[in-house]
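Each of the next two complexes has chain A plus one more chain, namely chain B in the first and chain C in the second.
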Partner chain A sequence: MNISQSWWKILGAILVIYSTVYGFLSSVPALPILHESIRNLYFHVPMWFAMIVLFTISVFHSIKFLNNGSEDSDLKAVQSVNAGIVFGILGIVTGAIWARFTWGQAWSFDVKQNFAAIALLLYFAYLILRNAIDEEQKRAKISAIYNIFAFPMMVVLLFVLPRIGDSLHPGNGGNPGFNAYDLDSRMRMVFYPACAGWIIIGYWIYTLLARVTKLEKKKTL
Partner chain B sequence: MQLIKEVKFLIGKELLLEWRSKYALNGVVLYVVSTIFVCFLSFVSLSGVTWNALFWIIMLFASINAVSKSFLQESKGRQLYIYTLASPLALIISKTIYNVLLMLLLTLIALAFYTLVFDYVPQDMLLYIVATILGSISFSMIFTMVSAIASKAGNGGMLMSILSFPVIIPVITVLIKLSKNAIDGLDRSVSLDEIGILLTINVLVAAFSLLLFPYLWKD
Partner chain C sequence: MKSLTTTFVLLLVSIQLFAQPQESAVVDTLAGSEKIYVVAACALLILLALLFLLFSVDRRVKKLEKKSEGK
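Up next, the complex of A and B:
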């Protein structure tokens, strides 16, 4: 193993282990309703960051595919969507568990929750579109186009629409944000490394998926 | 200039074809009217939130049917023929404009019939009409592009709805919010946010359609 190539993998692993251990052990501000469940912040929010980063990587490779038509870009685009969807599902699940204990039910009619689910539907549609086309070059091109077309919609869903509706999430609809809750320096010390760590782990999973499918393809040829 | 000429010609072609067969408009109008009638027979009387939601659901399915035909129903041969004659930009612009016109006509007919049957008029009818106009524009722009994608994938109806529903849901939620404001007769300044978001989404969709369609069109 070459340290100059894999230092970021080690960094990601250390950050995730650190944030998981300290996420459970470090002290947190005592707040009503949230209580100890505030620790879920270290797990729930980084999932979404990782998902958004992976979907952005996917769009980047789709644009690259339209420019150069290389099979490699298509493969990377689809594998980063695959990895991103895993993080999206984890984000929904951790959110639903959190909601169960703080808002009373797993699926409250919360705008962010709903729109995040719809954003995932977009990417499921992308995968189904891929399955519907047999011819490889054609599949790559059409799905790249849909991927790019869907991306601004995902941005609207995740970043614009939640702001016009009232959400139960902290920081929305009159609820104080975590900053107001004094997401104090103790929590920041865990939260930021957690985000960075999970994004790196997500990227790592995506590179592994891409490499495996590339090898499989080589084998079948 | 060449582009404008081509667009004009292609829209003329669409209108002429429509005028000759009178299939799309009559078919879709009949579809909407019978759907509204089925809803009337099942609900009998409606008002407020349900009235609004039902209207948009009816319009959603009607517009999918109306717009999806624009690419799905053209034969391979005719597509190839147009490909040799016109630039892809002219094609997508003309199809979009034609679909916007079709949808505007359709939504206004549907709204008139819907208010007539259910005997319910929103408090701020003008704002409601603005909402339906904005809605039909965004529906037709999104569905035109998605139907182009679905037709290239060569797998008609089902793919069309799978691909377009997640894209259209943000638009529908904003539209329902806007038209709810109109129903409650809120002050118009409250709705400016929603109108802004709808316009932004439309501009985004238009820009991405124009950018991406040339890639889609050449095989």
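Up next, the complex of A and C:
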């Protein structure tokens, strides 16, 4: 392993290990209902951040594909969506587990849950759209355009619409969560490394998927 | 007769004490201990998903290895 090329993987691993250990051991503010489950901030929330970064990478490669038409950019766009969906599903399932014990129901049709599910469905639709078109250049072009439109929709679904309706989610509508009063400095010391670490691990997974797919497409191996 | 009816009615009333919703042992454990097991379950889920991903990539690499050996 070449350290000058792989240092960021080690950094990601260290950050994730740190945030997992201190996620369980560090002290947290005592809040009603949440109790210790507030520690899910270090596990559930970074999943969504990793997903958003991976989808951003996908949009970047889709734009690149529309500029240069290279097969490689198309492949990278798909694989980052694949990696992003894994994190999205993890985010929604860890959210449902948490909701079961704080809201009383795994799926209470809360606006935040519903819109997060719709955002994921947008990206499932992207993969289905790709499978529906046989011609390679056409498939790449149409799905690149779809991807560019799906991204701002996803951002609106996750960050704008849940704030308009009443959501139980922490940070929405006066519920304790991601704001200056509750996220104290002790939690920031774990939360930010957790986000950075999981984003790096997510990027690593995407590069692995892209490399394997690239090799699979090569006919002369 | 009256006392028998009273006893019967009181017995009926007491039945609802046994009809408390019985949660499963897993749900009780997760809800107990200040909900720390909820976090543990989520961390475990993330770990399992990553391991599953590792296995799937492993399978694909194995296929590639076989393909390159054949040449």
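Quick note on the criterion: the second predicted complex is superposed on the first by the 212 of 221 C-alpha atoms of A that agree within 3 Å, B and C clash if a C-alpha of one lies under 4 Å from a C-alpha of the other, contacts with A are read in each partner's own complex, and residues count from 1 in each chain.
The rule is short, and it goes like this: a contact is a pair of C-beta atoms (placed from the backbone, for glycine too) under 8 Å apart; a residue touches a chain by one contact, two chains touch by 3 or more.
In this text the structure is predicted, and so the values were computed from the model without any measurement.
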Clash or fit, chain B versus chain C on superposed chain A: fit
Touched partner set for A:E36, first chain B, second chain C, both or neither: second
Which superposed partner A:T20 touches (first chain B, second chain C, both, neither): second
Touched partner set for A:I133, first chain B, second chain C, both or neither: first
Touching partner for A:V93 - first (chain B), second (chain C), both, neither: second
Touched partner set for A:S108, first chain B, second chain C, both or neither: neither
Partner chain in contact with A:M153 - chain B first, chain C second, else both or neither: first
First, second, both or neither for A:L209, with chain B first and chain C second: second
Distance in angstrom between the closest Cα atoms of chain C and chain B, superposition on A: 26
Chain B and chain C contact sites that coincide on chain A, given as residue numbers: none
Footprint of chain C on chain A - complex, ascending: 20, 23-24, 34-37, 39-40, 43-44, 47, 86, 89-90, 93-94, 97-98, 100-102, 205, 208-209, 212, 215-216, 221
Chain A partner contacts - residues on chain B that touch it in the complex: 145-146, 149, 152-155, 159, 162-163, 165-167, 169-170, 173-174, 177, 193-194, 197, 200-201, 204-205, 208-209, 212, 215-216, 219
Chain A to chain B touching residues, read off their complex: 66, 115, 118-119, 121-122, 125, 128-129, 132-133, 138, 141-142, 145-146, 148-150, 152-153, 156-157, 160-161, 164-165
Chain C residues touching chain A - in the complex, by the definition given at the top: 30-31, 33-36, 38-43, 45-46, 49, 53, 57, 60-61, 63-64, 67-68, 71
